[in-house]
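In this document, chain identifiers A, B, C and D correspond to the written order of the chains, with residue numbering beginning at 1 in each.
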Amino acid sequence: MADIKEIIAARVAKELSDGNVVNLGIGLPTMVANFLPEDVHIILQSENGIMGMGPAAEKGKEDVDIINAGAQYVTVNPGAMYFDSATSFGIIRGGHVDATILGALEVDQHGNLSNWIVPGKMVPGMGGAMDLVVGAKKVIIAMQHTQKGAHKILKECRLPYTAVGVVDMIITEMGVMEITPEGILLKELHPDYTIEQIQEATEAELIISPTLQPMK
Amino acid sequence: MKNKIMTAQEAIAGIEDGASIMVGGFMACGTPEILIDALVEKNVKNLTIICNDAGVPGRGVGKLVTNGQVKTLIASHVGLNPEVARRMNTDVEEDKLECILVPQGTLAERVRAGGTGLGGFLTPTGVGTIVAEGKQVINIDGRDYLLEKPLKADVALIRGSVTDKFGNTTYNATTRTFNPMMAAAAEYVIVGACEIVEVGEIDPNNVVTSGIFVDAIVGGEQPWQI
Amino acid sequence: MADIKEIIAARVAKELSDGNVVNLGIGLPTMVANFLPEDVHIILQSENGIMGMGPAAEKGKEDVDIINAGAQYVTVNPGAMYFDSATSFGIIRGGHVDATILGALEVDQHGNLSNWIVPGKMVPGMGGAMDLVVGAKKVIIAMQHTQKGAHKILKECRLPYTAVGVVDMIITEMGVMEITPEGILLKELHPDYTIEQIQEATEAELIISPTLQPMK
Amino acid sequence: MKNKIMTAQEAIAGIEDGASIMVGGFMACGTPEILIDALVEKNVKNLTIICNDAGVPGRGVGKLVTNGQVKTLIASHVGLNPEVARRMNTDVEEDKLECILVPQGTLAERVRAGGTGLGGFLTPTGVGTIVAEGKQVINIDGRDYLLEKPLKADVALIRGSVTDKFGNTTYNATTRTFNPMMAAAAEYVIVGACEIVEVGEIDPNNVVTSGIFVDAIVGGEQPWQI
């Protein structure tokens, strides 16, 4: 399990360039920061009001005034800035976040995303997710390819949308996919899987890139 | 200059059953606990609370939820407070809580619009989702936007890190959150302050909320202990 | 001339209460601050970004980073705050300015105001006037009653509007008038003038208050 | 970290004829003169300038007007620069200047909308006046508002009082004006800085404009001499 998450996080890290402003969702996406090359420094935005967020605070050295959007105690890097929530989402909605990385319950071939309502379960609220996926320049879905075998990459999302037509890229333990006007383009395949296996794990029909690469 | 410094009990004396109250903070970081505690003690009921989230049990607006004082909660996220789900689904009429979920950026902007006299704004957030239900969709230069309306309230509970006696306020680190917009969007504004200083001690370049918005200042707000 | 302006400014000053947030237009309105009683401290807002503006800067002691909306070097009082223009007009539009005092080319009995375009003359621009008169809680027009004998208080404005239905009060050297749903109510008359004289200097028909007072 | 510090000439090298340029400041207080001077020297033409006002002759955007570089000026007030009126009414085609007047609060909010991804906003300002011409009027809860659209630009010229090497910027006193909104609303942002400091020297609570908006930093901006 940890292995799969690490494979995904490591691959996502390769999508980021030095100086990128990035918002990482809770969970797997947070791990991405651990896999950046030494010469790639990204600037983390936390929607509760930080530009330039640093690592989690050391136990015993927490500053209770500094949390991230997951309510964990964090630090800030030199050159950071704090702001209010209207300013924070102005930055997000205004297209000043280069990439947002988050999980999904379902993604479909039109780039629609559903990640906030599971029927029959408590609806926790969309938080900042709807603004993030609409506003960020690049939306990368980082998730396990299936949910205990059930398809998550669909022809059409069945769950209520978080946003329509916003997903740029899907990175799973099986491969790297791009949403194109024609559908989902498989660009990289993990060496542990065949094209048949990834297609079987995907409801939407994958377009196989003529330059298909092994997943980096 | 009018004296604005008072006890929490004096500051909230005018808050009655059914009031609408904006509460600053994000997962209770930036929420004035000293004012929440006074509200719990006063036990006013049927409140409409506007806050980023539902806090957590025992912290922030979570205390008001647990105490059964919240009739309607307007928030972006309530997942860290299981008490909200229980009260949304209860059959006990007087415990029932209605929760209106608003995307976080839209919530912040609606409060800002309320305080700045705008009739609304157009946001791309929520287009094509259930958030769009019942809202006007306006196309500007080929892109669809939702028309979102301003939010105002009777009272705002603000947490200031440093507040001068006029009410000029600064917020440390991530305690800022919704506090500045809420201070402008409510009829009656109370600051729960960690530190109260003399007028003139805060550099005019660094004041975030002007004292003109502030009606009451309550000292003694403590940082949350881990 | 100076006398007339002083009469008007002194009377306007009586409309302000301790703690009021006030925006004063350029010219005559600026003089109002000189006539406040000792126990009335108002908070001056300057739309270019000051809450808590103080008096003009002393010659030789100017700080070039601190100007008012008329581009004059000013000071700030203890407890002042600086802000950007969006914040400034958020304060104005949001109804947080208790009173704005400004001049007019024309005012009419519906509370319409025209003070920014003179046909045939260069149009300098509305600046912040349109926002101020729409946003402030109380709009007080402080001006000479006529323009070289020509009516300025009209049945209907003839010049392009600055805003419609926004004026609350008109204070001139002849009297104090309030805009009501029924028309312009004369509440105070300056002892130097008769009702006939002020009516003659006014195109709109004045409603004479049953409790008409001499102008304070 | 990418080096953003350069000369004014380097910073404006990419600005071509016909560019749209936002310029911070109010009557030139808060305008980066060092960048304006470089633009005058480069003599690019047919510019669209978005600024609170037209500066004054010899200061701020007034220099660009005098030098005949401005084709369209979007501003709230141009009365202190008589050169604008002359060029609005000239018969010499290449000297002609078009001036689009926008209420100051609406101008500030339109620039803010441009930088924050809003499709527009509803303001009561201008309802019933010639400012309303050609604009949609939307009634919200019984009151009429104008639908105003966002403004963006190719370039923003910002004046920073203190700027760190990443671009985090503070503005002293009334030099703030339109600078923060413009820094977010343009593709390419240049700060003319009075003082450049190391990253980390500005308290994160007091930064007004984040360095993420800033592409180039030019030192040596001087306070205007009386």
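Rule of thumb we're sticking to: contacts are C-beta pairs under 8 Å (C-beta built on N, C-alpha and C of every residue); 3 or more make two chains touch, one makes a residue touch a chain.
Every value quoted in this text rests on a predicted model; they were computed, and no experiment measured them.
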Item to check | Joint neighbours of subunit D and subunit C, given as chain labels | outcome: B
Next on the checklist: Applying the document's contact definition, name the chain pair with more C-beta pairs in contact, A-B or B-C.
Outcome noted: A-B
Checklist outcome for this item: When centres are defined as mean Cα positions, the distance from subunit B to subunit D in whole Å is 33
Next on the checklist: Centroid from C-alpha atoms only, then distance subunit A to subunit C, rounded to Å. What do you get?
Outcome noted: 55
Checklist entry - Cα centroid separation between subunit A and subunit B, in whole Å? => result 29
Item to check | Rounded Å distance, subunit B centre to subunit C centre (Cα mean) | outcome: 35
Item to check | Contacts with two or more other chains, residues of subunit C listed in rising order | outcome: 76, 82-83, 89-90, 92-93, 135
Checklist entry - What residues in subunit B touch two or more of the other chains? => result 109, 112, 117-118, 123-124, 171-173, 204-205
Item to check | Interchain contacts, given as pairs of chains that touch | outcome: A-B, A-D, B-C, B-D, C-D
Checklist outcome for this item: subunit B residues touching subunit C in their complex are 1-2, 112, 115-118, 164, 166, 168, 184, 199-200, 204-205, 207, 210-213
Item to check | Complex contact set, residues of subunit A against subunit D | outcome: 18-19, 21, 41, 43, 51-52, 76, 78-83, 89-96, 135
Checklist outcome for this item: Note: in the complex, subunit B contacts subunit A through residues 26-27, 29, 52-53, 56, 75-80, 82, 85, 88, 101, 103-109, 111-112, 123-131, 161, 171-181, 208, 223-226
Checklist entry - For subunit D, which residues are in contact with subunit B within the complex? => result 109, 113, 117-124, 138, 140-141, 143, 145, 147, 149, 170-173, 204-206
Checklist entry - If you look only at subunit C, which of its residues touch subunit D in the complex? => result 46-50, 62-69, 71, 73, 76, 82-86, 88-90, 92-93, 112, 122-131, 134-135, 160-165
